[in-house]
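Think of it as A, B, C, D, E and F in the order they're written, each chain with its own count starting at 1.
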Amino acid sequence: MRTIIGPGLPNVPWEDRPAGCHEAVWRYSKNPIIVRDAIPSANSIFNSAVVPFKNGFAGVFRCDDRSRRMQLHSGFSTDGIHWTLENERIRFQCDDPEIGRFDVGYDPRVVRLDDRYYVSWCNMYHGYTIGMAYTDDFKIYHQLENAFVPFNRNGVLFPRKIGGKYAMLNRPSDAAHTPFGDIFYSESPDLIHWGCHRHVMAPTVGWQSTKIGAGPVPIETREGWLLFYHGVLTSCNGFVYSMGGALLDLEQPWKVIRRTVPYLLSPQTLYECVGDVPNVVFPCASLQDADTGRIAVYYGAADTVLGLAFTRVDEVLEFLRHNSKPWD
Amino acid sequence: MRTIIGPGLPNVPWEDRPAGCHEAVWRYSKNPIIVRDAIPSANSIFNSAVVPFKNGFAGVFRCDDRSRRMQLHSGFSTDGIHWTLENERIRFQCDDPEIGRFDVGYDPRVVRLDDRYYVSWCNMYHGYTIGMAYTDDFKIYHQLENAFVPFNRNGVLFPRKIGGKYAMLNRPSDAAHTPFGDIFYSESPDLIHWGCHRHVMAPTVGWQSTKIGAGPVPIETREGWLLFYHGVLTSCNGFVYSMGGALLDLEQPWKVIRRTVPYLLSPQTLYECVGDVPNVVFPCASLQDADTGRIAVYYGAADTVLGLAFTRVDEVLEFLRHNSKPWD
Amino acid sequence: MRTIIGPGLPNVPWEDRPAGCHEAVWRYSKNPIIVRDAIPSANSIFNSAVVPFKNGFAGVFRCDDRSRRMQLHSGFSTDGIHWTLENERIRFQCDDPEIGRFDVGYDPRVVRLDDRYYVSWCNMYHGYTIGMAYTDDFKIYHQLENAFVPFNRNGVLFPRKIGGKYAMLNRPSDAAHTPFGDIFYSESPDLIHWGCHRHVMAPTVGWQSTKIGAGPVPIETREGWLLFYHGVLTSCNGFVYSMGGALLDLEQPWKVIRRTVPYLLSPQTLYECVGDVPNVVFPCASLQDADTGRIAVYYGAADTVLGLAFTRVDEVLEFLRHNSKPWD
Amino acid sequence: MRTIIGPGLPNVPWEDRPAGCHEAVWRYSKNPIIVRDAIPSANSIFNSAVVPFKNGFAGVFRCDDRSRRMQLHSGFSTDGIHWTLENERIRFQCDDPEIGRFDVGYDPRVVRLDDRYYVSWCNMYHGYTIGMAYTDDFKIYHQLENAFVPFNRNGVLFPRKIGGKYAMLNRPSDAAHTPFGDIFYSESPDLIHWGCHRHVMAPTVGWQSTKIGAGPVPIETREGWLLFYHGVLTSCNGFVYSMGGALLDLEQPWKVIRRTVPYLLSPQTLYECVGDVPNVVFPCASLQDADTGRIAVYYGAADTVLGLAFTRVDEVLEFLRHNSKPWD
Amino acid sequence: MRTIIGPGLPNVPWEDRPAGCHEAVWRYSKNPIIVRDAIPSANSIFNSAVVPFKNGFAGVFRCDDRSRRMQLHSGFSTDGIHWTLENERIRFQCDDPEIGRFDVGYDPRVVRLDDRYYVSWCNMYHGYTIGMAYTDDFKIYHQLENAFVPFNRNGVLFPRKIGGKYAMLNRPSDAAHTPFGDIFYSESPDLIHWGCHRHVMAPTVGWQSTKIGAGPVPIETREGWLLFYHGVLTSCNGFVYSMGGALLDLEQPWKVIRRTVPYLLSPQTLYECVGDVPNVVFPCASLQDADTGRIAVYYGAADTVLGLAFTRVDEVLEFLRHNSKPWD
Amino acid sequence: MRTIIGPGLPNVPWEDRPAGCHEAVWRYSKNPIIVRDAIPSANSIFNSAVVPFKNGFAGVFRCDDRSRRMQLHSGFSTDGIHWTLENERIRFQCDDPEIGRFDVGYDPRVVRLDDRYYVSWCNMYHGYTIGMAYTDDFKIYHQLENAFVPFNRNGVLFPRKIGGKYAMLNRPSDAAHTPFGDIFYSESPDLIHWGCHRHVMAPTVGWQSTKIGAGPVPIETREGWLLFYHGVLTSCNGFVYSMGGALLDLEQPWKVIRRTVPYLLSPQTLYECVGDVPNVVFPCASLQDADTGRIAVYYGAADTVLGLAFTRVDEVLEFLRHNSKPWD
């Protein structure tokens, strides 16, 4: 029986674990896969979201331009590794100019849902909040209402309705470089109105002692939703962002079954430690194949470039079994 | 034609403007109407909400106990001035213990809506947010879902649906003594799920330069919704809370027609300047009479006692006409 | 059987509970007993310590001078209410100029121990720490080593050895207006070297949510050590200091048997709410009579004047039984 | 020989030291002399500057309006105690709209110099700085260039040229409620360009440990310039503003001859301790009579009302001799 | 017609734009040109100023020593790339010990003016402010009065009088690592007294959202003064310093004609990202040739080493035309 | 006569100063000697303590695990360069569970004293404080009482009694990333109770302007105790940790004879500048040979790996003679 509930994706980008490495998650040997100036206007390209699309892949990429404005760009790829990004940023279609006139976009997530691709990202509306849009072709994007009043970040939709309602992880924040942050779960009948907010998990200790936030769209497995998330530690020289994993209850995803006490990946290479924001590993998307259990995680490195890391679903679940405390 | 849209309330508490006073809002001469220890357990009784009820009045009162825990109590009155408060705090009935197990309650508002009395207050759920409940008798209170993820305060329901949806003013906040804060407007089809968030107004200068928050339930007038609100100034010895007024569009209440540049009431008496939190005037409720235009505003003073102030609707609207800048 | 273990003190200052008052602790009707300028050089006279001495009373008083320097003065009284203070500040005799050359003194406590009077206070030595001295006559004071490295405040000696060692409550602090603070217990074989540090209690919620510190010398009762202590709440206009009580195990005083959830006394009168530091009730000393159970607590008010409050030992213990949670 | 160098002013407001008072500076028994709402638009009237004018007195008053905007108003008096204030705020004439378009004004000082009255105040120009203007009649005010780039406050002109140049005390600040601040001395050939900046004095300890700032225009005496100034202490509930005195060298006023270690006046009355900013005594002006040595100091109280205090020049100089350390 | 108004400087250091590079400013391929320990006492050599001198070049260099004291050293070069620095720091000659006794020097600028070389730098005088000196030979330096009272940094003189007065850009600051900062323009008749302060530009968004400061001496062109300046962004791991450009009106330089919305150069190489202060590009000087339009910009990298970057005047002006918004 | 008082240690790890290097302390050419993942569970291995043990060496190592928990591990080596670390962390034996139940351990020091090996480290007990234990074999560790109440760090024992008492350097701190810190000296008769606290030295300027803390166990020389210590500078991107040296009086070690004004070693290599905490050099141990005067210093680099640096005792003392100011 396949662990991942979902389609087989035989062309998931992949590279075997290097010899001598015993870790549950390992880096792609040719990282970074996208450099900071892959398009002419870019200062940096990093926290980005990709999905299978037609015979290949498409995605929404965070490209800060050389004014250091945070913007979103579409991109396409045949193998998930080599990407062609649009030079022009995404301009959302929005009926209501009160919502549409803001044009900040960062840290996107993309999910296939109801035969469309939904994008959620950190938008601006008198404070940062979760912007929402859908696209059919990664060319035209229809913007919806923002999901919450400010301040909120790291909004991540589930890939199907749960209990008859749309579901989103999100992270209440404040107006600045928030020094705290828990993951919440919210529900919606229509992707417009949100309620029934549930607390999912809080920062604990060590690498995840300051704040946490959901990463890629959760992966449905027979044991629960597999969530990769980032955690932040406050060193005496600022924040350090690492990646961990959690397993959430399939029907009540605000209930945490397991959660990694150690991190799965932390900033240790030069491209993760040196850049516009030193010491950042920030996952925003994954591709997975139900048949082989292969998972490829896309993560921003040092807020500057895009990296790729690999694991297998059974190994992550095994790691979770041995490196968690039950959570209730 | 009567300015206030709504029922006549001939027994609104009242006292004429004192001789020599030329201000648009004046204090009750026997303030405070409720002292800090009016019930045995109380340390202080202040930011509280009242409504007409049967032949008299009922309300929900913030009574911090002598542990300095913030709690809500029911109260009843025949004249709106002399109140009998329940010694026991309100315990909300809640089907979902995930929500119901938190028991913090402060800064309540009460509104009659759909033939029920709805209470919104600052509740706790992994951070302060807007709690929601209804009651028919001010004895049994049925708690609903919290309206938002944290952090939010000063949630104030409108007394009728607008554009077919329930409507609430609210104030995104942070985890501490928030040094910022704008008023937002959110809509709901069911009082559970909230969306279509619109920015209403921001702090400006002077007495309202740090943060602002909605006060009593807005009063429907032929010119717009009359909103009393509090504004905060940061002096070098902390916050000063004063009261102003605004006029919001009847059908699109996130559009501000007028807004007082001067305050209407600021802490100047000893019971407003000295107490657990010096220099606080904090309005939470009003009673009004469509026939006479009389308005009585209930406000917390120094986070310690409850005060009463009076005005007339036409005078406030006149004041707004001469002391506002058009707002768009 | 008498509750208090210790000598009868028939002339403890006293006034019965006023009619209509139901509180466990009540104020002296002629408060403050010492005004801010009772001696010519004084700006304020407040957090101070008194003990029975000869046929009357003596004490060490915090008198901030008109330069706002914090200093200690001796004082004498026949009735515990009317005090004569020395115009000249205490100058400690100290063999080691490295210790003796600092002359800051504030928030003293005095205890009779080994037939001497020991003074502990908040002293300066490259940071605030606990100064120690003894006197036989309240005229000549012999200074000992400071008990701890900085930063420490609110050092309070027990009136007898416990487990064969001297014992002191103390409060680790930081270099400024510390926004945190727990009470610890430390032991010494010689009043010079201190060790075996034990955690006693932490801030909790409400009036004692920011920091706490021991007040008067603990009173030995058959049920445990009765400790009055101060707790601090952070309002949006600064700190509020109130007084609570706790019962500590007789032989292992770091074990808390009971602890008031509500405060016993909080700043509510004008002389407690208005002054150099608004909203402060800060107990530093008590007198008690084993025969009658009468207790008189001396407390600083608004960091400006000295107040007096009364209770009875059995009433306080009864209050603790009904207003505590067991603490372990 | 008269101590004060300057004209006799027989009608200086005056009241003898009350019996039993031994302090060098004493309050007027009918304080405050101007209440917070002496003109209709005023929220508070406090830190203000007065000078002899024609047969009586004129002045520039800080009147924060009921929007809590800081503004300056002219006022006139025949006895220095009873004042008639203009309802309309001062509108400075300014040739350069780049300078003139800002209309913030607070904490003014006024000095007679070159047969004109010069006003210096805390003005706004992309940050607080020292505004400059002159008037002949307290009706029309001609605004000059601001003296400094931001951030600067408490600019006080000397009443004559020193060493052939105009001279001004001033206080470099920051963009907020500055938690530091020293007094500097700057020179100008033309009241437009300023240079040769000299450090005068820094905060020390006690009541003047956080920041200090010059108060009234310095009084020329045979022993030096007599300067009243304010000092600020940071208590755990915010800032406390008191008044001290200093004697500056006549020809090199950046050299401090003496400086009070104790304060001369600190907030102790209800009108100084309770108001918009509790615990503030803030002197901005004085009147003095060379023949009698009488000095009347005008000071803002609690940032709410205007108070008056008295002293005699020889008593202040005597106080300085006994309560200073020589300063170099 | 030549764009740059000024002398031809045929030996400006130069290297053509590398193939494949399309940016307006490009780095020298052999950066850094001065390493951190180029003289024995140095911990780091970075933000420095150079000018043509005799047949070659001279300059004033910031060399923090191994005590991390900030100091200035003279240096000489024949080609502008290979430099010989004096081992001994500059000791300014100053007639007035009140000014001369401070010996902090950092972030210098040098300009030829009135046939002398004027140095302005960040000096100490009871707070950081702009120090001023001149030299004829880069051996003996005559110190003038400091230009302003503290707190001020990044003082940059124009290379000629404007409107008959000396002119200086400067940046009001505070006492610490200032989290804000606008560029101002001030005038002086004598290089001693400064006035007529005008606001030039404020931080905006992106890479220049926290603070900005003038860089090299402005270059006079037929279109306006070409100013390179630094801008700072606050990431969650501290400040990031980048370089942009602006065009100021020739006769009223406080009027901004154009200003780059994107940066021209940001920290992206290892020597700019890793060092004593990670992520710093800080320009302090330029050399330019009117005949060829070549410009060489000297900039500190990571507060550790000195880098060199190139551009051409017409390309920068072209870049400004296409990447600015008109500014007024 | 040998400068170092103590045993010859012929096998001290060693490498001669590289050609062209003139510094008093030089790095080992094969640094780092321990990489971040030398044991499977480790995220980083850095601030660690080593001593001669049997025929080789043993030590206590700070190994933060992949949860970023701070833990201590034993390690053994035959040459002091190649180390074998225990995979299992040290678990201290402690009779009193009140003390023993905390398991945080970081920044250890080890000293041979009374024929045992004593470990002091930064422990947790309701705040960071100095933990104490001894071992005979680096397998079983017996935990003693914590030396102080919180908050304290960098506790370093002297290798013999002084004046008949045990002696320890220590650094009072606060509850967070302390932005201040002086070195103190405390005495104990029994390693349990501590007193007679003496101030040793404070931060000064430059690289040691924010805080300082003792490093390795002081080395006894004929001129005094040679102490290597760390100092911290606050740049605008956080803290920078460097190493300096001091000479303390042999019998009164709180008296500083000399102290380096420049640093001896600061973060300049990639492994010191890039890692979990950029820009950290943090010495915790040294090995020395009385016969040759060779000293090897072990230091943590970037809170990530362990480095080794060399010097000779006479060179350090010579450096101190020429680069200190006498300290008293």
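Following the convention adopted for this analysis, contacts are C-beta pairs under 8 Å (C-beta built on N, C-alpha and C of every residue); 3 or more make two chains touch, one makes a residue touch a chain.
All figures in this text were calculated on a predicted structure; none of them were measured in a lab.
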Item to check | Given chain A and chain F, the chains that contact each of them | outcome: E
Checklist outcome for this item: Cα rotation angle, chain C onto chain E, in degrees to the nearest 5, is 180
Next on the checklist: Test of understanding: which option in C-F, E-F or D-E shares over half of the contact pairs of A-F, residue numbers taken as the match?
Outcome noted: E-F
Next on the checklist: Please tell me whether the contact surfaces of chain D and chain E are same or different in residue numbering, using the over-half criterion.
Outcome noted: same
Checklist entry - Approximately how many whole Å separate the CA-defined centres of chain B and chain D? => result 42
Checklist outcome for this item: Averaging C-alpha coordinates per chain, one finds the centres of chain B and chain F separated by a number of Å equal to 59
Item to check | Whole-Å gap between the CA centroids of chain D and chain F | outcome: 55
Next on the checklist: Give the residues of chain C touching no fewer than two other chains, as numbers and ranges.
Outcome noted: 237-238, 274, 278-279
Next on the checklist: Can you tell me, using the touch rule above, whether these chains form a line, ring, star, complete graph or other shape?
Outcome noted: other
Checklist entry - Each pair of chains that touch: what are they? => result A-B, A-E, A-F, B-C, B-D, C-D, C-F, D-E, E-F
Next on the checklist: So in the complex, the part of chain C that touches chain B is made up of which residues?
Outcome noted: 22, 205-207, 209, 233-238, 240, 242, 261-263, 266, 268, 270, 273-274, 278-279
Checklist entry - Can you list the chain B residues touching chain A in their complex? => result 98, 125-127, 129, 145-152, 170, 172, 174-175, 180, 182, 184, 186-190, 192-199, 202
Next on the checklist: Give the list of chain B residues in touch with chain C in this complex.
Outcome noted: 36, 40, 43, 65-69, 177, 237-239, 274-279, 303
